[in-house]
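Here come two complexes built around subunit A, the first alongside subunit B, the second alongside subunit C.
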Partner chain A sequence: MADNNVTKKVLILCRNAPYGTSTSREAIDVALAGAVFEQNISILFLDDGVYQLLNDQQSDAIMQKNQTKLLDSLEMYDIEQLYAEYDSLKNRGLHAENIHSATTILDSTETSAFISSHQVILSY
Partner chain B sequence: MTLHIVNRSPTQSDALDSCIRRAQPGNAILLIEDAIYALLILEQLFSKYQKLSQLEIYALAEDVTARGASQWCTEQIRLVDYQGFVALTEHYPSSLSWY
Partner chain C sequence: MNYTLNILSAPYSNQSSDTAYQFAKAVLARGHSIYRVFLFGEGVYNANHLTCSPQDETNKFQRWSDLAHEFDIDLVVCVASALKRGILDQTESTRADLNQYSTIPPFDISGLGQLYDAIAHSDRVVSFGR
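Our next item is the complex of A and B:
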């Protein structure tokens, strides 16, 4: 049973594109591990991290796990909302319809407040 | 209240810019390792980001000394040693690394 003393609001911050490095997969691994241990996990995509949210990724072409499928798997662990910063999307020519449907888009003020609202922040 | 820890050179990486854009007034930024080189362009940074004057800016003294950057430590910068680094992480409820 979850104990309030050990359950924390944990933010996983993703700032790197998928596939080029293993960073994006590590972030998901940590999110899943945290969820298994009943932590309150949020995932925020900033900067190049928003590329992880792109629809139509077909990573079998490079023999890597599909990032979209990894993100989809989070729902089974009660991580139902993903968050992305509006400016990061805009600077990369992306719109809401280009990215994962479970994403909540935050403006820059909301992003700062969102980051500060977590007790533990892990950066990937 | 968050302590933002940056360790990349501002001329080589966007870590510091990314950090400043997302920091909230009252937050602190601690420059360590190659982020120390931000001290050399501090005036530019202050004119680019008005928000900077509302943030506490710290630099790790050992890294400043090692890189010969002491002369750029203006009064806007608070120097901390390794113990001060630990004290900052205790003081701020959360820490966030930008790299």
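Our next item is the complex of A and C:
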């Protein structure tokens, strides 16, 4: 049974592009809340989720809050590393220089190991 | 085992709410327990007690309510997701200076801290929707 005193490693898996739906913002809200409650939180961007990491988003033009600003706020809550899967970036023509500077890129083997190293996975 | 269900999609527009309900029934039928059902994002619409379903469809608000009463399940609605979608209990409605409310017990409006509490106290956390 679950030990009440153990802090579990929680992975927030972001698989959806920003804007269009509230999913991407809500995922980061869950991560921020976890950090506030001093949980062990990691964030991995996969599939269309990697679009959240793109630099130079001009969301004012569509009257939406900027996803980059939201991601920048994570650092204040001690979530300093973001993770992205290499194939998801490559398949979408994205490179390390196009995306958020706090991102560590993992290949598919590393991604599998990274996911496995967490006890709880919340996919958004 | 002790389960927590994280529901992310609205009833009627997404089957995930039905799947979650069936999963809950199956878990309980096998003698496991449900620590909490957490409604987040569009999942908060499952808590709308103003739901009027067509005669040939189940009332999904009522279904969760009945299950919660029968098995004493904690049904928690994320406050940040709920208020902007018009899901308010009497307390929140009064606080927002409104004269209607749209959810009632056993649904309880609370924060994301309840999700992390559930993670700490559950053997498994299963998400439905999206």
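Just so it is clear, the second predicted complex is superposed on the first by the 119 of 124 C-alpha atoms of A that agree within 3 Å, B and C clash if a C-alpha of one lies under 4 Å from a C-alpha of the other, contacts with A are read in each partner's own complex, and residues count from 1 in each chain.
What we mean here is this: contacts are C-beta pairs under 8 Å (C-beta built on N, C-alpha and C of every residue); 3 or more make two chains touch, one makes a residue touch a chain.
All figures in this text were calculated on a predicted structure; none of them were measured in a lab.
Enquirer: A:Thr111 in the overlay: touching subunit B, subunit C, both, or neither? Say first, second, both or neither.
Expert: A:Thr111 sits against subunit B, while subunit C stays out of touch.
Enquirer: Determine, under the contact definition given at the top, whether A:Ala33 touches first (subunit B), second (subunit C), both, or neither.
Expert: Only subunit C is touched by A:Ala33; subunit B is not.
Enquirer: Answer with first, second, both or neither: which of subunit B and subunit C does A:Asp47 touch in the superposed model?
Expert: The first partner, subunit B, only.
Enquirer: Check the residue A:Val10 against both partner chains and state whether it touches subunit B (first), subunit C (second), both, or neither.
Expert: The answer is second: A:Val10 touches subunit C but not subunit B.
Enquirer: Go through the superposed model and pick first if A:Leu89 touches only subunit B, second if only subunit C, both, or neither.
Expert: neither
Enquirer: So, does A:Ser123 touch the first partner subunit B, the second partner subunit C, both, or neither?
Expert: both
Enquirer: Touching subunit B in one complex and subunit C in the other: list those residues of subunit A.
Expert: Of subunit A, residues 120, 123 contact subunit B in one complex and subunit C in the other.
Enquirer: In the complex of these two chains, what residues of subunit C are touching subunit A?
Expert: Touching subunit A: residues 1-2, 6, 8, 40-42, 80-81, 111-113, 115-116, 119-123, 125, 127, 130 of subunit C.
Enquirer: Considering the complex alone, what residue numbers of subunit B touch subunit A?
Expert: Touching subunit A from subunit B are residues 1-2, 14, 18, 21-24, 27, 93-99.
Enquirer: In the complex formed with subunit C, which residues of subunit A make contact?
Expert: 1-2, 4, 6-8, 10, 16, 22-23, 26, 29-30, 33-34, 37, 39, 120, 122-124
Enquirer: Hey, which residues of subunit A end up touching subunit B in the complex?
Expert: 13, 15, 46-47, 85, 87, 108, 111-113, 115-116, 118-121, 123
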